[in-house]
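Each of the two complexes below includes subunit A, the first together with subunit B, the second together with subunit C.
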Partner chain A sequence: MTDAQIEIQLIASLVAVACAIPGTFLVLRKMAMISDAISHSILPGLVVGFFLTQDLNSPWLILFAAITGVLTVVLVEKIQQTKLVKEDTAIGLVFPALFSIGVIMIAQYANDVHLDVDAVLLGELAFAPFDRVYYGDMDLGPKSLWVIGSILVLTLILLFAFFKELKMSTFDAGLATSLGFSPIVIHYGLMSVASVTTVGAFDAVGAILVVALMIAPAASAYLLTTNLKKMIGLACFFGVFSAISGYWMANILDASIAGSIATMLGLVFLMVYLFAPSKGFFAVLYREKQQRREVSLITFLLHLKNHIEIEERHVNHLNEHINWQKVRSKTILSLAQKNNMISISNDVVSLTEKGEEFTSKAIEYILTNEDSLIEDMKEDFFLFRG
Partner chain B sequence: MKGKIAVKVDDLTVAYNYKPVLWDIDLQIPEGVLMAIVGPNGAGKSTLIKAILGIIKPIAGSVSIFGKAYTSHRKHVAYVPQKGSVDWDFPTTALDVVMMGTYGSLGWIRRPSTKEKKSALEALEKVGMLSFKNRQISQLSGGQQQRIFLARALVQDASIYFMDEPFQGVDATTEVAIINILKELRKAGKTVIVVHHDLQTVPEYFDWVTFLNVKKIATGPVKEIFNDDNLTKTYGINYKVSIQK
Partner chain C sequence: MGIIEYIQLVFSDYTLRTITLGTAILGAVTGMLGSFAVLRKQSLLGDAISHAALPGIALAFLLTGAKDSNVLLIGALISGLIGTLWIRGITRRTHLKSDTALGLILSIFFGFGILLLTYIQKLPDANQAGLDKYLFGQAATLVESDVWLMALVTGLSLVVLLLFWKEFKILLFDKDYAQTLGFNTKFIDFLITTFIVLAIVLGLQTVGVILMSAMLLAPAAAARQWTNSLGMMVFLAAIFGASAGVFGTAISATQNNLSTGPVIVLVASVFVLVSFIFSPNRGLLFKRIRLIKNRNDLELQKTLSFMYHIVEDHDDISHPHAIRILNNFRGYSRKGLRKLVDKNYVKLEGDMWRMTPKGFAVAKNLYNQNGKND
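The block that comes next holds the complex of A and B.
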């Protein structure tokens, strides 16, 4: 790997982590759309900042753009508070307006500067290593790395300091208010971090990828865990994974880096959605199928326990007696046999000792609902899990 | 009458849109009572509690808690909302939710330690939910969620408790368990204010009662004012309850 390649991956990974942290809270607050709004409406802030400083590299630009980001949130909320429109409509009203103001301002006054709409939307990660910071003659590395690195450090400090406040006010703003924490301050704090991160990141990766990096990793992590800390950790991991694998995909296919990273983010979400162990599409299908089989098995064992008569226990009669289709009774029969719960001699089925014990336990549990009775069965049976 | 006044409401009027849903409420709640607020649906019971807690802004009137504004007594007041208005799919456990009750005394930035965890576990034990401590909250039944919120109020270790229908959707055993906890709180000198719908149990559970229907109808000791007259005034139809002496 060349230095430039390492630098690009490093920048992309830092952007991913810096986005995943506020992104997790945006997803939990069901505010995914707002990040889209912020990422577009910072444009006029950038232009105004450029007018005032006449310098594209000024840190004031970030500040002005971040203020426009927060202003977007305020405007959206004000419009929403009139109760005339819902939140998504309010977002749809605000950000195209601000974005187009930005576009017009560029077209009118800043035509000759490097501030074009394509660059804003898509960014160009591949060029990031060429814009470098020097101290005297010493090369300190790419500018983007410094910008996003500082934003990430700030984000991490805020996250560690205010984790409990963020958690509580996201989960239950009413409680936060009544305990004397101001959910409004926390809300705007989060929006400011999201805005600053967006501004700092979009120069390198573009507005669209910023949105994808905020939302997709957090949404994937949400499907995998019931623990907020783990959710943040997983979101960061998915972000970094997509950034690096996306970079190599772009390299191999000779495609846009931002586009490839966004594609990876989509793929990661799809994989998690399909294969997540408990909430995933296939896990749910599998669990339902297993549960149906287990219910059949228990019904079958109960039938055996309740009937001593030979004719009731004859293999060929099982179908009509418990009303099963042939295929089903076959699977259940072999399942019970595999678990050593029944024995078959001369086509007559009887319970083994293990089968007897299992059946009594199951009945006892169904009647009493006492969890302690079935501790040892949880491993093997979905029905008896928590 | 007991000694201090815990909550004092003067000329309180609240409106959401145009028409006030609470009109000119005057109310004094003495310290150390276990009080029921009763009234029909839409009478403004939840609104009254929210106005006292500063969650909604009244059009007119004032509220004081132990003689001072609510904001200076926040830490002494615990509130259990009518069916928790929270996101049940939030990635958090029952224990974690109860721990949040301790955040008020921790203040900004400080993290909960083993001490806070211990009191949260004790509160879970009290409401009979200890074995569910690691459950994700959406996997709890409605009554269990209600108990988690009660436990969260308990760890706040407040002096005044507001509970909006804590018995809603809980079974008979849980109801007895909860009322025993509330009676214990009163014994410890706390003031407990409960929005309650089951009129039959008012004399058995509470020692103080407020009748509310947009206006305040009556407030005072259950023994003196819990009668057919006030019930009829509040609910508008002829009410007959047999009051156990």
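The block that comes next holds the complex of A and C.
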């Protein structure tokens, strides 16, 4: 690995972590699309800032663009307050308009300078190591490393200082307000951090892919844990993993690093989405199947309890009566037998003692209408689940 | 270039005519279908779909090597639909909320599309020029066959819209009721989503993936302000969309260095702004005016009733009182007093005022007939 390669991976990883932290809170606060809006609408801010400073890496430019990002949020909220359109429509109206203004401004006035829409949108990480900071004659490393590094440090300081407040206002805004934390300050604080991060990262990964780095790791982590600290940790891990593996994929394919990182993020999310232990696609599918079987089992047992007559309890009769297919009745019957709920003699099904006990309890619970208790009962009585 | 000259040019110049016609049709169809997206609270779905279409374009090019826009659009349609279905799956199967699902699919698909585009660009023999026009759109590349395709899709969606009007309407406003009536809501839902995706995909070449969502939203959001009827809204949105297309094309054609897509979006945004402010019923301006008028009326009535309470105790209702005593009353103003005089409720004599019998009668029944009072 050359120095430049290490530096690129370092920058990418720092961007990933810097994005994952505010991203986690955006996802939890159901404001993920706001990051999309910010990333588009900083464009006019960048252009105006560039006219004023004539330097793409000036801190003032970053500040200026970040303020535009926060202004976008304010504008969206103002439109929402008029109640003329729904919330999401407000977002969808504001950012294309601002983005269009930015595109037109660039085309009109900034055609001959190094500021084109592609660079802002897509970024070019590969060039990042060539733009370096010097102190006297000493080489201090790439400029974007410093920019994103300071943003990350700032984010971390804010995160540690206000973790409690952030956590509380995210999960229980009412409680946070009653305890005296201003939700507005926290809200705009978070928006400011998201804006600054977006602006800082546009240079490296491009404005739109910042959205991927903010949302995808947090969304993947959210499917794996319900603990906030673990979620932030996992999100950072996914971000860094995708950043580094994405870099190498781009290297092999000779394609855009940012696009490749986003693709890796997508793959990570796809894997988590499919295979997450309790919330993944297959886990949910399996659980739904299990629940369906268990409901059938309970229905079946209740049916048995209701009928003392032999002809109602004959195996063949059950097929017709409860209207189940052959295979399904077989699985339910064997499940009930495995759980010692029923006994079959001469093709006549009857409840065992345990089955009797279970059904009486079940009826009791159904009558008192406390559905949640059924789960505990299943735990107590079932040796084998559906 | 003068306006008349430009209009002449629209009819005589092939390129300009094609572009104008294309953007107008595009605006009409997106406005029409966008109305449904806005009312279904799926405004941002359009944004996600348009971004999700990008890898489809690139993959279609990679697989077929064709630059024919129809083939690419089929790719865009497929990957847009896949994105939509995945968003559905995420919101339905997991506890992730729809905004997360939208942002996730949007950015990941777009990133994948960028990866493919840059990969294609570096292929040695690929004649890929023109693929990146789908990022920002290039109305200038529209040819007559594209416009025919747009017209075809617009006609098709119009027919479907008219055929399923009742179903669409009931699904929009009361889905559960539609289900109890026995409508196949899943099918209607799929139908409407497919047409929205189709409209978005059609616009990619002209407006580009990034700004396409505005074409869907802005005309519909503007139209919503003027009417409460769905039919009228769809009609107005189509008109707004088409005019945004025509005016946007005109502005960008007469200026240097203005790409059509952003200009159309800005024109549509101006429509929204104007509608927000000036629409008679919902608009901010008239709402404000109504508010001020109501407040003035209320204060006038309050002043009158204050006077009434003073006058009440006297045998002679027209006994003069000093204006000074009104000063203690909040809501009293000189202008208000003058208005009362104009209405002949009160008469002024120097520093004194006295109530007329007419004013007394009005004040007495003030709260009985509040609604009828002016």
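Points worth noting:
Definition applied: the second predicted complex is superposed on the first by the 284 of 386 C-alpha atoms of A that agree within 3 Å, B and C clash if a C-alpha of one lies under 4 Å from a C-alpha of the other, contacts with A are read in each partner's own complex, and residues count from 1 in each chain.
Simple rule for what comes next: a contact is a pair of C-beta atoms (placed from the backbone, for glycine too) under 8 Å apart; a residue touches a chain by one contact, two chains touch by 3 or more.
Predicted model, so just to flag it, every value in this text is computed and none were measured.
Clash-free side-by-side placement of subunit B and subunit C is the outcome of superposition onto subunit A.
In the superposition on chain A, contact of A:Tyr365 is made with neither subunit B nor subunit C. By the touch criterion stated above, A:Asn227 is placed in contact with subunit B alone, subunit C being left untouched. By the touch criterion defined above, A:Ala262 lies against subunit C but remains apart from subunit B after alignment on the C-alpha atoms of chain A. After superposition on the shared chain, subunit A has more residues touched by C, the comparison being subunit B against subunit C.
By the document's definition of touching, of the two partners only subunit C reaches A:Tyr273; subunit B does not. Of the two partner chains, neither subunit B nor subunit C is touched by A:Trp146. Between subunit B and subunit C, the smallest C-alpha to C-alpha distance in the superposed model amounts to 7 Å. Applying the stated touch rule to the two superposed structures, the overlap between the subunit B and subunit C interfaces on subunit A comprises residues 30, 222.
Put simply, subunit A touches subunit C in their complex at residues 27, 30-33, 35-36, 40, 79, 82, 84-86, 88-89, 91-93, 96-97, 99-101, 103-104, 107-108, 111, 117-118, 121-122, 208-209, 211-212, 214-216, 218-219, 222-223, 250, 253-256, 258-263, 265-266, 269, 273, 279-281, 284. Every residue of subunit A that touches subunit B in the complex is listed here, in rising order: 28, 30, 161-165, 167-168, 170-172, 174-175, 177-181, 222, 225-228, 230-231, 386.
Taken together, the subunit B residues at the contact with subunit A in this complex read 53-55, 71, 74-75, 77-79, 81, 84-87, 90-93, 97, 100, 103-104, 106, 108-109, 111-112, 135-136, 152, 156. The touching residues of subunit C, counted against subunit A in their complex, run 38, 41-44, 46-47, 51, 89-90, 93-97, 99-104, 106-119, 122, 135-136, 210-211, 213-214, 217-218, 221, 224-225, 257-259, 261-263, 265-266, 269, 272, 276, 282, 284.
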